[in-house]
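A short write-up of the structure that comes next.
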């Protein structure tokens, strides 16, 4: 009896999902070592859903996003994607963070004829996922090129580079080195650290020995906090520190240590960007932890816009609408300007400095 | 008389304590030899040394002319030497019958087992026949399908003798075969072991029970503090001055009384 | 729903292969291999590196099995003078070293990003038929492996392994070369695990260092122990159960209608709780190994 | 050079208490307890939350340690005392499931972002070439004091002897009239209390975060194995050796090999270094570096 009730309820819920509202899917690293980024992505998605539903929803009904945990791995992401495809029947899936998860996820979605919106992976290999995979985030070549130019422009030549030894770190490392060397600089120390250690003193000191003009880093959460704290404790923080995606680098670091750091960040100077940042602060009570929330926000917004334009949640029609919209859509992270490979070609970045406890344009 | 096992000058020390100090003796085919001596005289170490569980420091051990002292236990078994343990531990998740079958190690290779075939089936049938025969002779038929670990201490001893015999050894070494065995069963054991010797299997028996030694053995080797202090027939034991010295010097007068 | 069940079934079959492979070592021979995933990873990476080198898929898979068996020889050699729990951690160390090496080999093995667009064994079939076909292939492979394992367990070799697991000293003095028995079990296990790895890479069309995480070994171990080590039916039941729990827990959350904040915690916590309850309820496994009474 | 030595000591002090606790429990329970590192994670959270709520740091550390210890006793009562009878593999999988539940609890209770102590940031002390952070010195000092206390407890007291006797030979210890159950509970409490304190001290540098336990798992196991399982003080030296290996890998200039002024092994191999050391050590000394045999001689 109870089981039958449960089944009826399940069917009713499923019907409620498909009949009355458009449901999108998202696969995020909500447990495992990237969980803090997944959580920030989730915040962005929740904000977008709230915004859209506050304005009357999509196609006349409230929008929902079904968020699944990838457990930080390819098989977990495939489990989640298969569920979203086969049970929830969503047309669009957003995800993931690590490119070693986004790539198999995207491959699967493309094979099923679904839309993949990449909201967190910046590896150049994302480009090859396939015909229905769109990137809202500028790939590493964009951010690395911007950072390299910025650093050379500031007059630094000898650079020590540190990033986590993962898909993101290895990708940005290669790109950054390429652009820096092309512009006449050199990477004198290159450390891809093993995430999750209790201390990075050894890595920091190895870099110190090459006496760089500037330390360039890109890290997040607990690791960024430890690296910043230890560079302060070792007296290394007197040399300039440059953060690629500075807001995530300094999010969990005491202001006293972060003061004086410079870096770059996804532009949030446009009206949409500033509105998002303000809304985020209001909703969660702290400043944006990283720009991954804004990419996730834009992902939902873009999907909603495409579905609204296609007047249908049919994936083929959504893809056609995305192909049109991609060139002109502008969101919290600025204008997308997707190219023929459906990758972002324009990514406005800001040059920032951390002063007096917060980030400012420089 | 030809010799089967020759032990020459075997020496072993654990962390500076000499446990075996130049042990010499020899055993012929079909001979039944007892090894006695007070606790700590090195009896078990001697058995471990011969069967390859304890590497010796010096000396030679030969079985039918082949040197054993550098070989691993399974190689020594392959040359025709089987043994039992003082406290035989038996598998929990195998029946008595299965343990006996496992004790026959012929054709146990991976591919032979996986592919099967007529030869494999014939071998399995032969093993089962042999195991069934030993079950009967060792009075274990009633516990054939019991987990081997659930047997009583005495039954485990019998089973381990059966295991040793499944390999058709030339020399069988028994470590205290009667400890924990019911007295009635003990008599049957004497007959059974004599039967083995009649088939040409040499027996080397470490034992405390002097009646058992007296009934069974043709010869005794007396160990004291790692040395062979006497080799004589069981009847001569009580008159042997070194034997008296060895036992009176220790805490085992009771054993000696039994021997007298 | 049907596609999702097919997916779960396919994964269960692939993990079933890994669990049956581990069962050869852990269930039959009592070897605590905590680096089992290294064999799987070698098989999976063989498909990846084979693609980069332009090899045909069958050749890559064969190379994977061969490499995994080589690794098996090395691991078994390591076990010759180590006690079982030390050997367990040593195998874990070997698997971690393999993972760290492929993680840092961005040229040859794709680095942290892994190797994508891998060929699958059923690519020739039409797209829509592939999920069903792969599930059938997986079922066939797992059925074959189960049949062979059961046959092996009943054979003279299997009996020798049991004796080795239960009483190694007895086995040794009954003429069994323990090192050789362990090596044979490890090699057979490595071959099957590598095959499972190749199939997993072919199914997901992807391989990355994440496939080699120690957590994956623990996952396969939990399948083995919850189902019942040493018994093929137990291992398979454990695999289906654990894979089912991993896959269907997100559905339970949908039924409960909980918000997105709890997704990660709920999934992890429910899986942990179900596994723990299974263990406490039947701590020898759901289908524990039985005594073999022979005619 | 001095700084490298100091950092090696600092890293090994990070590992020391937790590895000591693991080794202590392993000696009695004889299974690799994966949940052990989660006690460290929970200890870190408990301590940070208490300190942020206004508890003085010393009290917060102590309470976190007690909480972790009590939790371990409950876990032992409900889970491990039943699973241990089925052998080490079952108990290990049980500890794995328990670890998942503990991580899930932390994830649900706090979320994935790190949580740091609310402490004023003080400038490092500069002693010649040496930079020492006050919190680092505090963590090392407390660790050293607790290690000394544990050494005394294990080697110098009746209770310690009872624990070691039970670890070496349970039937004999039981025959000698030791109350095994009580001692096992005491050891679980002590082991987890050490882990909780270790985690709370670690959080001085890293903050408390959900993955703290998982990140520690492999280095801690490597340290405990290196020292010889069930040999608690060996585990401390195991941790020291691993810290040394990591420091050498990251800081040994191998530029001369390539004819360059400076070149290093890629830092990504830092994890492999400790495992290579572990394998080498096991090849040379199959029962860990500080095996019981050594102590007996």
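General remarks:
Each chain gets a letter, A, B, C and D, in the order it is written, and its residues are counted from 1.
Everything below uses one rule, namely that a contact is a pair of C-beta atoms (placed from the backbone, for glycine too) under 8 Å apart; a residue touches a chain by one contact, two chains touch by 3 or more.
Because the structure is predicted, anything quoted here is derived from the model rather than measured.
Considering every other chain in turn, the ones in contact with both chain B and chain D prove to be C. Chain centre most remote from that of chain C: B (centre = mean of CA atoms).
If each chain is reduced to the average of its C-alpha atoms, the one that sits nearest the average of all protein C-alpha atoms is C. For the pair chain A and chain D, the distance between mean C-alpha positions equals 34 Å.
The distance from the centre of chain A to the centre of chain C, with each centre set as the mean of the Cα atoms, comes to 33 Å. Note on chain placement: the centre of chain A and the centre of chain B lie 73 Å apart, centres being C-alpha means.
Averaged Cα coordinates give chain C a centre that lies 30 Å from the centre of chain D. Residues of chain C found to touch two or more other chains are 103-104, 261, 264-265, 267-268. Looking at chain A, one finds that residues 30-31, 35, 38, 165, 192 touch two or more other chains. Chain pairs that touch one another: A-C, A-D, B-C, C-D. Chain A contributes residues 6, 9-10, 13, 30-31, 35, 38, 42, 45-46, 65-69, 71-75, 78-80, 82-83, 85-87, 99-101, 103-104, 107-108, 111, 123, 125, 128-129, 165-167, 169-171, 174, 192 to its touches with chain C in the complex.
Interface of chain B with chain C (complex): residues 51, 53, 72-75, 77-78, 82-83, 85, 88-95, 97-99, 101-103, 105, 107-110, 112-114, 116, 120, 123-124, 127-128, 145, 147, 160, 163-164, 166-167. Contacts from chain C toward chain B in the complex involve residues 148, 151-152, 155-160, 162-163, 166-167, 169-178, 184, 188, 230, 289, 291-294. The part of chain C that touches chain A in the complex is made up of residues 1-4, 7-8, 11, 103-104, 106, 111-114, 116-117, 127, 200, 204-206, 208-211, 213, 246-247, 250-251, 254-255, 257, 260-261, 263-265, 267-268. Of all the residues in chain A, the ones that touch chain D in their complex are 30-33, 35-36, 38-39, 165, 189, 191-199, 201-203, 205-206, 209-210, 221-222, 225-226, 229-230, 232-235, 252, 254, 256-257, 289.
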